[in-house]
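We call the chains A, B, C, D and E, going by the order they appear; numbering starts again at 1 in every chain.
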Amino acid sequence: MTTKRVKEILSWYSADNAGTKANLARMLSHGRLAGTGKMVILPVDQGFEHGPARSFAPNPAGYDPRYHFELAIDAGCNAYAAPLGFIEAGAAEFAGDIPLILKLNNSDTLAKTGDPISALTGTVDDALRLGCAAIGFTIYPGSGEAKHAYEQIRDLAEEAKAKGLAVVVWSYPRGGGMSKDGETAIDVVGYAAQIAAQLGAHVIKVKPPTAFIEQAKEKIPIKTLAERARHVVQCAFAGRRIVIFSGGAAKGKAEILEEIRGLADGGSFGSIVGRNSFQRPRTEAIELLHEIMDVYASA
Amino acid sequence: MTTKRVKEILSWYSADNAGTKANLARMLSHGRLAGTGKMVILPVDQGFEHGPARSFAPNPAGYDPRYHFELAIDAGCNAYAAPLGFIEAGAAEFAGDIPLILKLNNSDTLAKTGDPISALTGTVDDALRLGCAAIGFTIYPGSGEAKHAYEQIRDLAEEAKAKGLAVVVWSYPRGGGMSKDGETAIDVVGYAAQIAAQLGAHVIKVKPPTAFIEQAKEKIPIKTLAERARHVVQCAFAGRRIVIFSGGAAKGKAEILEEIRGLADGGSFGSIVGRNSFQRPRTEAIELLHEIMDVYASA
Amino acid sequence: MTTKRVKEILSWYSADNAGTKANLARMLSHGRLAGTGKMVILPVDQGFEHGPARSFAPNPAGYDPRYHFELAIDAGCNAYAAPLGFIEAGAAEFAGDIPLILKLNNSDTLAKTGDPISALTGTVDDALRLGCAAIGFTIYPGSGEAKHAYEQIRDLAEEAKAKGLAVVVWSYPRGGGMSKDGETAIDVVGYAAQIAAQLGAHVIKVKPPTAFIEQAKEKIPIKTLAERARHVVQCAFAGRRIVIFSGGAAKGKAEILEEIRGLADGGSFGSIVGRNSFQRPRTEAIELLHEIMDVYASA
Amino acid sequence: MTTKRVKEILSWYSADNAGTKANLARMLSHGRLAGTGKMVILPVDQGFEHGPARSFAPNPAGYDPRYHFELAIDAGCNAYAAPLGFIEAGAAEFAGDIPLILKLNNSDTLAKTGDPISALTGTVDDALRLGCAAIGFTIYPGSGEAKHAYEQIRDLAEEAKAKGLAVVVWSYPRGGGMSKDGETAIDVVGYAAQIAAQLGAHVIKVKPPTAFIEQAKEKIPIKTLAERARHVVQCAFAGRRIVIFSGGAAKGKAEILEEIRGLADGGSFGSIVGRNSFQRPRTEAIELLHEIMDVYASA
Amino acid sequence: MTTKRVKEILSWYSADNAGTKANLARMLSHGRLAGTGKMVILPVDQGFEHGPARSFAPNPAGYDPRYHFELAIDAGCNAYAAPLGFIEAGAAEFAGDIPLILKLNNSDTLAKTGDPISALTGTVDDALRLGCAAIGFTIYPGSGEAKHAYEQIRDLAEEAKAKGLAVVVWSYPRGGGMSKDGETAIDVVGYAAQIAAQLGAHVIKVKPPTAFIEQAKEKIPIKTLAERARHVVQCAFAGRRIVIFSGGAAKGKAEILEEIRGLADGGSFGSIVGRNSFQRPRTEAIELLHEIMDVYASA
């Protein structure tokens, strides 16, 4: 049953058709956080983005695509996100077991290219034939190629919405126009969330913002992570779009949970936890994911 | 009822189909200026174009997309214009309450790119599914990418007209080919209005022209703002296309109203007022918009 | 009734369908030169190409798009050519009064761009919905972008011919590969006419050629304008394609008529007269156009 | 009746549909060499490629497109190849009199461009509506734009084959990657023939190879033109694709016939003779073409 | 009959439709290795990639496209892969005799281009009309053009899968981002296999990896070729994608067989052997291919 909180969230997406609303509901109503309005998602695109050895050698079970389906299911995640090959390798076997997000663009680290932009590696029709609930797409605001990426998601999002899918946008500022510190600056992360929302994303994934300020001159409360998270959520249509935060590079459990608490206090709708889960031994990973979910459940 | 003046204006668009004429009429027959042939439009694309903190921190109610729908409705504007995300966030809730203009292209300030051109961020079919009366599109005559933008609006305007929508073009000269002062020079602004008209725009938005002259050697009356506005209106097919003026950066109320009086005296069809309205407290904003409308109503 | 001469001209276009032949016949059978096989066309794209003040300040009646329809009709021109906006502004009001040519590409002088190529500003379907007899298109042989333009007219001409329209090509050599004098050199203008003919144009517009020679080593008679015009007509399939000449910058009446006599003596099929007509007071303009037509009628 | 030899040649194209086979047969069964498996083709694209005066001033009858149809018919050529304009100018009048090849891409010499690639100037549907038996297409292996041209012929050849037309590829190595002498080097010409064959050409046109070697280290017999021609034919699938040779710049009759004898001895399927035929007076041209055909007939 | 092992392999492709599964089964159930789950494929694209003389002069029978069909059939290969022209030249004659793989992109060595990317030279519909079981496609991870190639295979693979074909990807790291030694480094080859798998390839072809390490810091067993092959197979979804290895430049038989043994020990699914087979005399080539198959059969 769709809870009252989930129905409230769905009401923010009143321009969407019933199919898209149903797929948003599927993700919000699945797993240990079902019905709470919070989400924890397992993403595994690091094999493509960083290389297989770098990603899976720490826990070699992860070379097998079935491992991640099972991890996401057993940990009670809301959804599992991955590129075409990984989804194809388990979509039939695990059909109906967990909402899937097909990442439609990806980069690798072999080429030294100029302005960052990911390659299109899947289609909306791929997402449909594989039974996915949503498409995922990465934009790099600030990149000289950002305009190009915005036009790609414009086309893909229009098609996805027409076909009843939800749209998840990874919005990672990067590139020529800003300083390295600026990439996670509070004003820049807020801007990145706004852009994704204006582009029509249903779910927005950004990095945890730092207290650095890149360009804004207006007063923004930035002292604590909770304050900063709250500002980012505000930048996503005053909280009327689902904003979740990435976990970043592998780190210690205490550090992770402290960050999650800050985000949750600031009104984050959840987290997307990749390397910090699948690079840990399975039992530890599930334990960590459960603790993260518990923080959100009690927020 | 469509007034005589509105019918006269519609007669200038005799090549358009009934659907497009009806949507032009919807905008001309809505709000406090309904039927006068004048228009005041609320545009809110600054979250995308300048960033959310810069745009909404001065009046934080504006982070919420519903705020702008309500402001435009309560102030009695002719229409509300915004990018995809903001329109999606209220189109169903406020369906039928105010004519909507979907801005189909947008830029952000994070990237340092070369020749200015906005990214396509919405489609004509988005405008239809969201119940809009018109599409909005920005061109930058003078930019090395202007040719590209002209070809985009050629395609979008053809589709919009075939589907019964009106076409509003923001025509802002900018870029390599001209001096900084030239961007608002009277001859350049007149040229910008002509280009938009030749590209098939129904409503043309330009900046208030200065007395600077960039390239024309012909005699143009330029002493007063009224004279200059009159020339720009003349450049738009001798006044047979609707030309409205933008308000620009936030400034004092007296200064704004003086500018509006000059424009109205010169035959401007109206104004489009963004930051000067939504960055003010709501009561002040509505008061200002009403005073602007009063100037036009009595012009 | 289609005259014998017009029927003869139509016979050169034996590969075209009946619709295109009928539209060629419409232009050849309209106005004071109807049936003679000669054409005088009024083109008004200068508002876009040079700016409104530069174009219309000398005779401000020309800011109004209706003025040009009426001028072309009253002077008895064979056709009126203009960009989308100007045609849209009168196509319904003057429906059936004069054959129309929709200029499908245009440039402005605000941007400083590299290799010249015009922007696509209208479509074949626009020409159909506006009741035009032909599409118009400018190519700049010699430009580094010429290849691109050839491929555009390839597509547009194929579509226009399939839909029963005629194709008029403005062929103006320009750009990196040749000297400034070479742009109107007799061999270059002849080459420009040949290229337009090979691209499938029905009517070809070139500039009056000078006695300068850019690259040809073969013997071409070049002493008089009549000899040069005859060579250009020969380059257009030995006179089996309609070649007309542009009038160029505004100048004195005597000078214009002398040039026309040279062209007519050389077998030109007519002239296209823009600034020299609409920048003059209306009575003078009609008088001049009539005198030009008289030269062609008696050639 | 299709001769045994023509049937044998058709058997090499077993993957093609009946329509394409019939059009190959049409070319092989027409003119003085009908049924011999040899071909002499008249190509007239020089008006576009080199300019009209350079091409037709030596024999001004050639300005008229009908001249070339008649020349090809009266000389008994297997086919006539030309760009869109020239074919349009005679396709109806000479319908059924000679197989036509529509050249789908062309270059002119006015622009100084970078890597060589021809502009698309016609379509497969143009070839169909004009009653052609084949499309013609030029590639420049070695050019930095060669990849682009390969992709164009990939699309055009697929469409042509589906619609029952034959595909003739002019394969002229040229550009950054090789020396000037290398452009006609025996190994390079052989490579050019191989590429055209791998791209799916039915008929391949190359230049007569010289004894220069550009990159191959393998032993190739290169002393006589016959040996070199034999190697090129071998490179086109061991002689299972029709390879014909161009005649190049205008030159003396004795020189031409000696070259033809060398090519014929080496197993060439024929020649394509442009400037050496249409720039000669008509009687001389027909005489020369007949002598060339006689060499092939007795090879 | 499909063996148990083949059924097991097919089970890894559970997201594919029955048509694609049947074509995978056709390749796995053909030739001397039928049913073993191992594959030896004959690829002949060297005529296009290296030139005809370089490729076929050592064994001139290879100029004839039929030679390779017969070699692949008589040696009992699982499939024969070649570009469009070679496949067209035998697909009808040898219909049903051996599964075919149409190579959809190719490069030649005449042009000196920048970032490596192959030209599209065939289509999925070509593969269908020629009765192929699979399409073949080359990517160069590391190239500045890799993103472009990924997007091409994304489109082609989607179409091929929808039409029931299998997808074979040649994944050859190359280009600006890595050292020359890095191109066959164990971590890079593993990464290349992962990328191909994530892009949705059914069969992945890589080069035998060396003990060099380019970027990975993780522990990978690299001492023996068997260890390295095992890692590469692991990188292709823990062995749940078919990975085969290329043979590279021509070399001695003993050397070849030693390499094959190493690969087979590491779990390779087979080899693709071009120059080492068709450049040898036919009897020797068949003998060598049989010995290679024997190694795999007993692995």
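By definition in this document, a residue touches a chain if its C-beta (ideal position, glycine included) is under 8 Å from a C-beta of that chain, and two chains touch if they have at least 3 such contacts.
Everything numeric in this text was worked out from a predicted model, so none of it was measured.
Shared contact partners of chain A and chain B do not exist in this assembly.
Note on connectivity: the fewest chain-to-chain touch steps from chain C to chain E number 2. The angle of the rotation superposing chain A on chain C, based on CA atoms and rounded to the nearest 5, is 145 degrees. Under half of the residue numbers at the interface between copies chain C and chain D are found on both sides, making the touching surfaces mostly different.
Averaged C-alpha coordinates put the centre of chain D at 36 Å from the centre of chain E.
Rounded to whole angstrom units, the spacing between the C-alpha centres of chain B and chain D is 58.
Not a single residue in chain C touches at least two other chains.
Beginning with chain D and continuing to chain E, the ring of touching chains reads D, E, A, B, C.
Residues of chain E that touch chain A in their complex: 12-16, 141-144, 146-148, 150-151, 154, 158, 173, 175-178, 187-188, 190-195, 197-201, 215-220, 231, 234-235, 237-238, 240-241. Here chain C touches chain B in the complex through residues 47-48, 51-54, 57-58, 60, 63-65, 83-89, 91-93, 106-113, 117-123, 125-126, 129-130, going by the rule given at the top.
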